[in-house]
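Scroll down for the structure; my scribbles are underneath it.
Chains here go by letter, A, B, C and D, matching the order in which they are written, and residues are numbered from 1 within each.
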Amino acid sequence: MAQEKKRAINRLQTMRPIRAEIDEIYKRSVEAVKAGEPTAWAMVNYWLADAIFNAMDIAAVYPESYSAACAAMGAAQPYLDRCDEEGFPTHMCGYARNCIGYTARMMNDLGGEIPPEAPMGGMPKPAVLVSRGLSCDAGFKWFQALGRYLDVPMWTLEMPIPGVEEGLSEGAYEQNVEFIVKELREFVKFLERVLSKKMDWDRLSETVHDLQEMGRVWHETNELRKSIPCPMHSRDFWSCMNGVTTPTGDLKKKLELYRNLYDEVKYRVENKIGSVAQEKYRVGFTELPPWHSLSLFDTLAERGWNFAIETWGYHPPIPMDLTGVNDPLERLARMSCGGLITSRFRGALQAGEYMGFLGYPNLEYAKEYKLDGFFLHPLLTCRAASAHLWYVQDRLMQKLKVPSLLIEGDIVDIRLFDLADALKKTEAFEEIMDHYKEVRKAEGMEW
Amino acid sequence: MAKESKGLTKVKEIYQDRPRRVKELKAEGRKVIGYLCAYPVLEMMTALDLVPYRVLGNMREPITKADACLPTMVCPFLRSSLDLALKDEYEFLDGMAMAHICDVGERMAHIWKTYRHYPYFYFMDVPHTVHKAALEKFKEEIKGFKKSLESFTRKELSSEKLKKAIKVHNDQRTLVRELYDLRKPDPPLVSATQVLQVMLALESIPVEEGNELLREVIDEIKERQEGPQKQAARLLIWGSIIDDVSLIETIESVGANIVMDDICVGTRFYWPEVEITQDPLDGLAYRYLVGIKCPRTCREVISDQTKKAYAADLENRFGYLKDYIKAWNVNGVILQSVRYCDTHGYEVPAVRDYLNSLGLPNTYLEHDYSQGSLAPLRTRIQAFLEILG
Amino acid sequence: MYFAGVDIGSTMTKVMIMAEDERTCSQVIGPTGAEHRRLANKVMEEALQQANLPFDEISYVVATGYGRVNVPFADRQITELTCHAKGVSSLFPNVRTAIDIGGQDAKGMKINQGNLVDFAMNDKCAAGTGRFLEVISDALGIKVEDLGKISLKSTKKVEISSVCTIFAQQEVISHLSEGTPLEDIVAGLHDAIAGRVVRMVKRLKIEPDVVLTGGVAKNVGVVRAIRENLGCELLVPEDPLLTGALGAAILGKEIVLKALAKGEAIPRKGRRLEEATFFN
Amino acid sequence: MAWFMGIDIGSATSKGVITKGSDFFACHVFPSGTNYRMAAQKLREELLAKGNLSQEEIACTVATGRGANNVLFADHQVADIICCARGISSIFPSVRTIIDVEDQSSQVIRVDEEGRVINFTVSEKCAAGSGRFLQVIANVLRIDPKDIGPLSLKSENPVIFTTGCAVFGETEAVSRVAEGTSKEDILGGVHKAIAGKISSLVERLGSEEQYAISGGGGLDIGLIKAIEEKLGIQLLVPPYPQLVAALGAAIMATEKYDSYGTTDIGTDSQS
């Protein structure tokens, strides 16, 4: 994984400082703990809590990203085994198992000390756990399970996930926003109570504004990737996405870095510079990549595969005009619910597609990004991310004649992904993409 | 013989051909609405003269068609349910009512709707906590469900009608408790196998008929001579849905009496009653969100004290099990779950912690929702019973 | 008085006849297999011959193992978990944790004063059972018995990553074709199986003494690997295959003595020394 | 007219085919054993001997199958899916859907009139859908794999395997035997189970007339009948089903030869 053939994928220079910023997160939280500051363990929360953490000076770490890091560094196995020994079924989320194993070791073996072998300085014992109801059951069951090891209070962030028709029914959206705002208000009270800290509302407004701006820049950057050849490869997206999905620390500085990234991508568009040498196939990647086998993308890049867009759920909210919305919590609610969850529902309903949040956006991507195919990567231990991919494959074919290659793997358990086998399949998939290019032409589709 | 077996025979007949009755009713012009899991509000369907019919899987039927749109690494119960729908086993339904029970349940609702077009379909979101705001939100959700049913039936649902329906369903819940009381003696007057058949029968016929049936069954059990043998083990069975008697039969045949359960075709579904409130939706919202004790809902203990939070957490989540164990004089617990069920999977170590804190022997069985996977469990079960002595 | 324990495992059938003073009168091990499954009586007859006792001399017969369900000549069926616990603790009075790796399952047993108190079991997946080694030694074209010796020569064992036996076999073959020394592969296999089993047993919170039984316990390589994975001493009985049958015989004795003490009749079944039918 | 060689190193057996142009010329099957490199070498020698040719006379060689990268003398490597497609349509040009049942996995491949792959799906990483399941059960039943097909055809009421896993399946089979279920019905059941798995692959992919079977599974008449019954289709069975991929590889060799000749080792070799 370390030895990447640099020329295969033309990486963005402006990506690297963002990457570095992201790696800072853990160090910062360790320092915070040393300084007696409270830290939170938080699930990726679609910005609901991040701004609040920032405004209250709570250093947050994100066990999901940390588990991904452990996996990428090959440090996960002992934690997975430990989780198994603790009596949790092995079919559960690899991130969760890694984190539960880590926590069991830290609390039961080491009396709360960070395990010496922990990558990136480790995650220090938190003062509070912030889980979420959105996007997966593990999102709250996992932190609830941590209660065996951590005697710290927990809050579960609520986020409605309506069906397409139901979510578009009269008044539903406003009702959802209202619900989230009420919840966030309680959440702030909860943090103030258990951490005896005060919320600085002005600062919150400013942070929310910065977040929105970051989201906008990041969104527009991804819009630029619609151009041919695609100027930015999914590898660069993944390297930077945590800056937006788990925004902590100095947002103003981050915002600058993302602006620089935008400029570099813009420059490439203007000069028709693609992220792979000869873009032969424009491919979308669905779900998280095999962190432990990223060399796959270099090999494919050599064969002209350009990954132009990736899973919807890891993208920033679609920017919306919130002028006149003064309550920062309401801004958050609208940004997260309206900008992400329900933002593509209208299109879905028109298309007669009912999986508005996770399924349908892939269809829009296929059109907008003129994709030749999708690389679907079901994560064998993550039902939330995978349960719908077989369905998505069918919809893409039925509706758009866009084929997808379905290769199973996992986010953490390296043993579940077979690189050689995957490469064989991609070879056959090229013939398929060629075929359906013709079919789409015959059916008068524009790509 | 005092009275020739009526109720239990009927129960068995219904269990063996669940859709028979609703198909008859459909022929008479009634509309049948399928529902999956415990969250769609039954009272509203009943009040609008619809027949709610619980959609289940079939562990005796290999899953084939569902493999086309669901992977094999998700809950086999849900896969099986969808599989039956795709095999047109549920074509007699006029509609489906689904709710956000779990990730796969949510995805599957949309998949179902895409491939099967019943005249009526509704997906209800369900909050993941019991926060105050969540409860208010859930009330809005069931209001939405009510609206959709009203426009489907083109009838207005008055709160009087709704309250009447609540009453009838509460009667059923009371009768079920009465039935469960017959399991308190040692030996219990009725086997868990028969109780499960009763529960599954209730979920296949209109509530009024169900109540009739329950009365017959209860009288019959009280009067009849033959009942289960005395056994050393008085078990409670906990976990994911059981919609086929074979697992229960397996356990009882090894030599135990299952006298209590915490599953959603048992107490989880029937225990919580609906308080008839000024606005009936308040009582309903509370019953369905807070009353139903499914691990899919997160019950945090929000307390300032940060010490000993775990013990409080366990008490808050599983306290009700203690009451069951006392009242039914349970001496061992079998935890069971279908493979790939996340909400139960994460729960298992915590439940075991709680049971151990009560000094109650317990064991965990995982199965893949197929007959074949049950046979190998016999040894585990028997060994567990040998531990109980 | 004499007592017999009959342990019908997935691959081997073991019979032990024991005198009242717990002295072994005879012990016989024969294959089980699909066909032999109904012929447990043959092994029993052989055992009686060796002990040269008529069948009626046997006061009590306890059947165990996964084939216990239908042994027409048994007075009682008791699970292999309880029997192993009993057998092991009669050999090692201080044992608290026992591991048994059988042909088609692996068990962890928590023992307190000779009694089973908790257990963990894997019969879902061939990996982590004796079957795993059979299948693979098959692929390697060597005898299962030889695996142990071979692995001891290993200097750097390979990592077997496949979770499933069938794919592990594939993996082994490709290791071979890459020219990896046989001993390193075999050592890797032993480590893989040991890792799985120990992880499962650790769920019981392991306490010493720890004992390993089952056919696999004859494999020095596995024993070493499990010892390393446990990080503590691991005891192995002389006849690791027979602990189940031994425990069964002892439990039979206990049942009889209890009955006699209470002045009750011995709770015998109308037992017949004949083939199993399996139609009931 | 030049000669071309296709080598298919499978998990159980290795197959080789020589074509003259794109016409079948010679073939050989050889157990892969534990050393793929040696297997490949021996296979080549035997092949050349059979065709009595010298290596120099082979214009181009393509390797495929799990062990393809052990074929050091190959000019190119091509994915088995592609080879399978080319192989079948060289035999049955009318075929649009191929059911390929291998030792370790099964795959369904859809092809166009030139034998180009237009879609495919491979069974999940699970032995239950593959030929291996049969061997596992044959092992339990202590019977020769060759007898599997004929025996299962005699099945009166095949056992229903409710489990989807070969290992469960094995335990299930063992207890069935114990209960006195006949070998015929157990095998019939396994065939049904595999056919079920395959039909859900076909469901997933959608299918089109005509159908053919390839791979070792094509030697098992019981399996063929089970699949035909399950899907309500007719399966075309090539003379040497297990050789299809090797034949396809030889045909790919002709294609590659026309496009770049032997010297250029294309980028399609595995990393």
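Just so we're on the same page, contacts are C-beta pairs under 8 Å (C-beta built on N, C-alpha and C of every residue); 3 or more make two chains touch, one makes a residue touch a chain.
As the structure is a computational prediction, the values presented were derived from the model and not from experiment.
Listed by label, the chains that touch chain C and also chain D are A, B. Set against the Cα centre of chain C, the chain with the most distant centre is A. Looking at A-C and B-D side by side, the one with more C-beta contacts is B-D. A separation of 46 Å divides the Cα centre of chain B from that of chain D. For the pair chain B and chain C, the distance between C-alpha centroids works out to 40 Å.
Contact with two or more other chains is made by residues 124-126, 168, 171, 204 of chain D.
Each of the following residues of chain C touches two or more other chains: 123-124.
Those residues of chain A in touch with two or more other chains are numbered 86-87, 390, 394, 416. In terms of which chains touch, the assembly is arranged so that all chains touch all other chains. The residues of chain C lying in touch with chain D in their complex are 10, 33-35, 37-38, 67, 70, 104, 123-126, 139-141, 164-167, 170, 173-174, 176-177, 276-279.
Here chain C touches chain A in the complex through residues 161-163, 195, 199-200, 202-203, going by the rule given at the top. Remark: chain A residues 295, 299, 302-303, 390, 393-394, 403, 406, 408, 416, 418-420, 423-425, 427-428, 431-432, 434-436 touch chain D in the complex.
Against chain C, in their complex, chain D makes its touches with residues 11, 32, 34-38, 66-67, 70, 104, 125-127, 132, 136, 140-142, 166-168, 170-171, 174, 177-180. Contact residues of chain D toward chain B in the complex are 124, 126, 160-165, 168-169, 171-172, 175, 193, 196, 199-201, 203-204.
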